[in-house]
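Two complexes follow with chain A in common, the first pairing it with chain B and the second with chain C.
This part shows the complex of A and B:
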């Protein structure tokens, strides 16, 4: 019972991070129609910049600001400088280019950092409160809070704000959106910037747990992929719910079966959901005229 | 249809037949179909040259070329999915892992190498078929993510099934591995000849099939599933066949890989291998059989050959830059080469000075 309780509580906090990692993917998907395989590498590169700030003795809040703004800058360079120009050869080419960017960033980080594992500072190591038998730290609480805020903000922005509605219009029909006067490049830049900021925030919470290597955040992103497939590619709420479900499920698999089964259980979950409900739990089914 | 029929017509420079032949060559280069004999010869010639280069090289380079040719067989399979269906498959490494582990397990149970290889390929192909059934419901980025999740899960799954796979330590072969009496391990002559022969046979089979009328059906499904259904064709069956054929080729590569290395472990089949196999295929040409050889050899030889300048962990940098260059140009290596060769050949047969070009009436007739 104690194991179950611990697995569920920690699974929810971990699941919110999975959800946060999927949020950046959804933002790019809703504007461009593909996901970025380089999202984790953008976060890692921003964290390495942040680590320099930390080693220079700056306080945590400066480090956090630098990581988030570096995430925005790197994401903009990747999105607008590399990926978006390749869209003229098709969306699959653009998706492939994000794989290429991922390889380039990982290669550069390995070259410059030597690929060693590094400790990354956490927001706080202090205990916040106990929930059942589980002692939660302020970092866990902050990660949960940031994820909820990010999801509420994104949900409201995509449904209510002019910018969010314009992004959805661009994703549905690019030509029609441009004929209505929307700027394709400006909207894409916005989505890449938001995704970069989310990558930075995610990195700030993941790096202290898993330590920092050129691949650490990238490996974490696999769970984000699973969350958006399970939740539905176009659903922010779906990504959050699926992220939490995956967090709990993977913790239970790890506790009761074997930690080595976690990635395979993710794959099975993806397949089952795609077989039963191809558009995901909260996604809209796409109807196309033949 | 006219463009296909002119092959038997005398194509003197300046005539309509010559113009149509030029058009046929350009179409073939753009679509990756047609010019069967030329493509078959190019593939066989390139395989022969690769084998000769390997035989003339030192053990280190020879070994990496051998691995490259083996990986080229997996790239060939991946290319069918990318080139015909237009989907991204990142799980070629998973199929390779299944057949490699199966071969090692069967060998450990006392089977002969030949029987173990056939059984392993059969098992991995059946697994590919089973996985293909749900996977074909996915398109575009969805298929990419699902196959990536599969590739990501394979190394840890191998550790979990340690009773069969040896866990983290993997399975080593304590004896020389011979197929029909030919040693295929390490950098022996047999290790060069057998994978090269396997690639040539499987490449020729792919080429023959894709140039046949059944191949046209496959391309039609890849171009437009609704159109294929309107013609009474079953897209689901075709797609399952494509994914299974790709799985079969990946299994052959997996068995040869295991026999050549003499060891099977989780680190051999990371998700990065799946990514690099896709990258190799896309860079060299997803619709080209000889391009698959280039792609496989790139993946097999570049990382060990550049280790003096670039650390092993950073070799992805080179692949990333090359892939970006190819994607930005909109043309892969095989398209560049075929375009260049076609231009040279057509220029050599350009109308001589004073020869009248085909009249507009001739062009329209």
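This part shows the complex of A and C:
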């Protein structure tokens, strides 16, 4: 019972991080029609900038601001400087170029940082409260809260705000949206900036637990991709629910079956969903005029 | 005609995408290096190591080996014969190791391999190196790597596992011992050695908990270990992996004593666990305490040739010590070759009659047939942020 309780509680906290990692992917997809495989590397590069700030003796809140704003800046450079211009060769080329950007960032970080494992400071190491056998720290609570706030804000923005509706319009029909006077580049810049900020926030919660290496955030993105496939590429709510479900499921598989079966079970889940409901559990099915 | 243009456009798009991906792969892979330019008067020694990728941190061991060769060359080499030490990146992935090793042997003309890392990657090239008759002193402790052209310096992993259990039971008076392990060429021998020693001491294993070293979370394993009630947990793996499990255990209020390998003996472990394992973490090692007087020369060499490396890291001192053993073998080979550049056959002959027992490594004897690693070692503890020797160098327990 103790193992089950611990697996579920920690699975939920872990799942919220998976969900947060998928949020940035959904934001870019909803404007551009493809996902960015460089999302984890944007977070990592921003964290390395933050580490410099930390080593210079600045307080945590400055570090957090620098990481988030670096995430925005790096994401804008990647999105508007490299990926969006490549869209003229097609969405496949643009998506492939994010893999290229990912590898270039990893290569540069390896060359400049040496690839060593580094500890990253946390918001707080103090214990917040106990939930069953699990002692949750303020960092866990903050991660949970930030994830919920991010999802509510994105959900409201995409449904209610002019900007969010414009982004959806751009994703649905780029030509029609431009004819209506919407600025394609401005909307794309906005989506890359929001995704960069989300990458920075994700990094701030992942790096203190799993350490910082040029690849450490990428390991999380695998689960983020799984969450958006399961939840639906264009669904913010779907990404959150699927992230939490994946967090709990992977913990249970690890505890009761075999830890080496976690990736296998994840890919089986993705395959089944793609076969049975390709638009994901909460995604919109694509309707085309014939 | 329209079809032709459409196909041509699609071709251009795919070419652009593939071109970008290829350029990026080249950029990401540009992480190999060597100790300098080559000449016919040099002995070329190769090593494969993860210079990039998830495991790049452990390449510190091979870089420390490079420092040992740089120091040797700066002092004039071996009777004037210099050593060119060439590293190739395999990302610690056995799928990449054969190509990297072939490059070293066939393009760089390496006559010997030294310090190449990882039991699994090295197993993937064992047959190839034997076929090419290239001797290899490996940076791994899996006893199955032993062979006519393969030489181990690190103590066998099963013996290291047994040594941890012996220390826990006899010195720490642990009442209940659990083993957590990864299902691979590191975790399985450690588990087998630990189980053998538990049986020899008449103790029952509290739990045997498998983990995936690449997992994003180990909270399930922490819960299983806690449920076992063990007060000492054997935990092989590198610092990053160990820290993930230890932190997960801390989160559910489980604070046993941890028995780890030299691979986790790193200040990074202390940082990643927020100093919470200080006084509760023990490490078995075939190598000396990096802060001891015997390590003075090691620290000075690293400070001069590889100042970015942390001398307190277990994998770093392991890589340096293995390179020193290689140098001892090469000195013998150069002497046997009459002061000239030795061939692979001459190096293999020299290594096969080598015995090493000095201040930095003890109990290596490759002259009697098997080319097994050090038969002695010690236990270190993390105390006050430093790694302190808790036992003197002593023979490891025998594993049945």
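Throughout what follows, the second predicted complex is superposed on the first by the 288 of 290 C-alpha atoms of A that agree within 3 Å, B and C clash if a C-alpha of one lies under 4 Å from a C-alpha of the other, contacts with A are read in each partner's own complex, and residues count from 1 in each chain.
One rule holds in what follows: contacts are C-beta pairs under 8 Å (C-beta built on N, C-alpha and C of every residue); 3 or more make two chains touch, one makes a residue touch a chain.
Because the structure is a prediction, the values reported are computed rather than measured.
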Clash or fit (per the criteria above) of chain B with chain C on chain A: clash
First, second, both or neither for A:197, with chain B first and chain C second: neither
Which superposed partner A:271 touches (first chain B, second chain C, both, neither): first
Partner chain in contact with A:66 - chain B first, chain C second, else both or neither: neither
Which of chain B and chain C A:133 touches, first, second, both or neither: second
First, second, both or neither for A:241, with chain B first and chain C second: neither
Touching partner for A:117 - first (chain B), second (chain C), both, neither: second
Which superposed partner A:225 touches (first chain B, second chain C, both, neither): first
Partner chain(s) touched by A:103 [first = chain B, second = chain C, both, neither]: both
Which superposed partner A:93 touches (first chain B, second chain C, both, neither): both
Doubly contacted chain A residues - partners chain C and chain B: 86, 89, 92-93, 96-97, 99-104, 106-108, 110-111, 115, 214, 258, 260, 262
Partner chain A, residues of chain B touching it in the complex: 86, 88, 134-135, 137-138, 140-142, 144-146, 148-150, 152-153, 156-157, 159-160, 226, 275, 278-279, 282, 310-311, 313-321, 323-324, 327-328, 330
Touching residues (chain side chain A, partner chain B) in the complex: 29, 34-35, 37, 82, 85-86, 88-89, 91-93, 95-97, 99-104, 106-108, 110-111, 115, 214, 222, 225-226, 228-229, 233, 258, 260-264, 266-267, 270-271, 274-275, 278, 290
Partner chain C, residues of chain A touching it in the complex: 2-3, 6-7, 10-11, 14, 86, 89-90, 92-93, 96-97, 99-104, 106-108, 110-111, 114-119, 125, 133-137, 209-211, 213-215, 219-220, 223, 247, 250-252, 254-255, 258-260, 262
Chain A-touching residues of chain C, taken from the complex the two chains share: 10, 12-14, 16-18, 20-21, 23-25, 27-31, 51-54, 56-57, 59-60, 183, 210-212, 214-224, 226-227, 239-240, 243-244, 247-248, 251-253, 268, 271-272, 274, 308
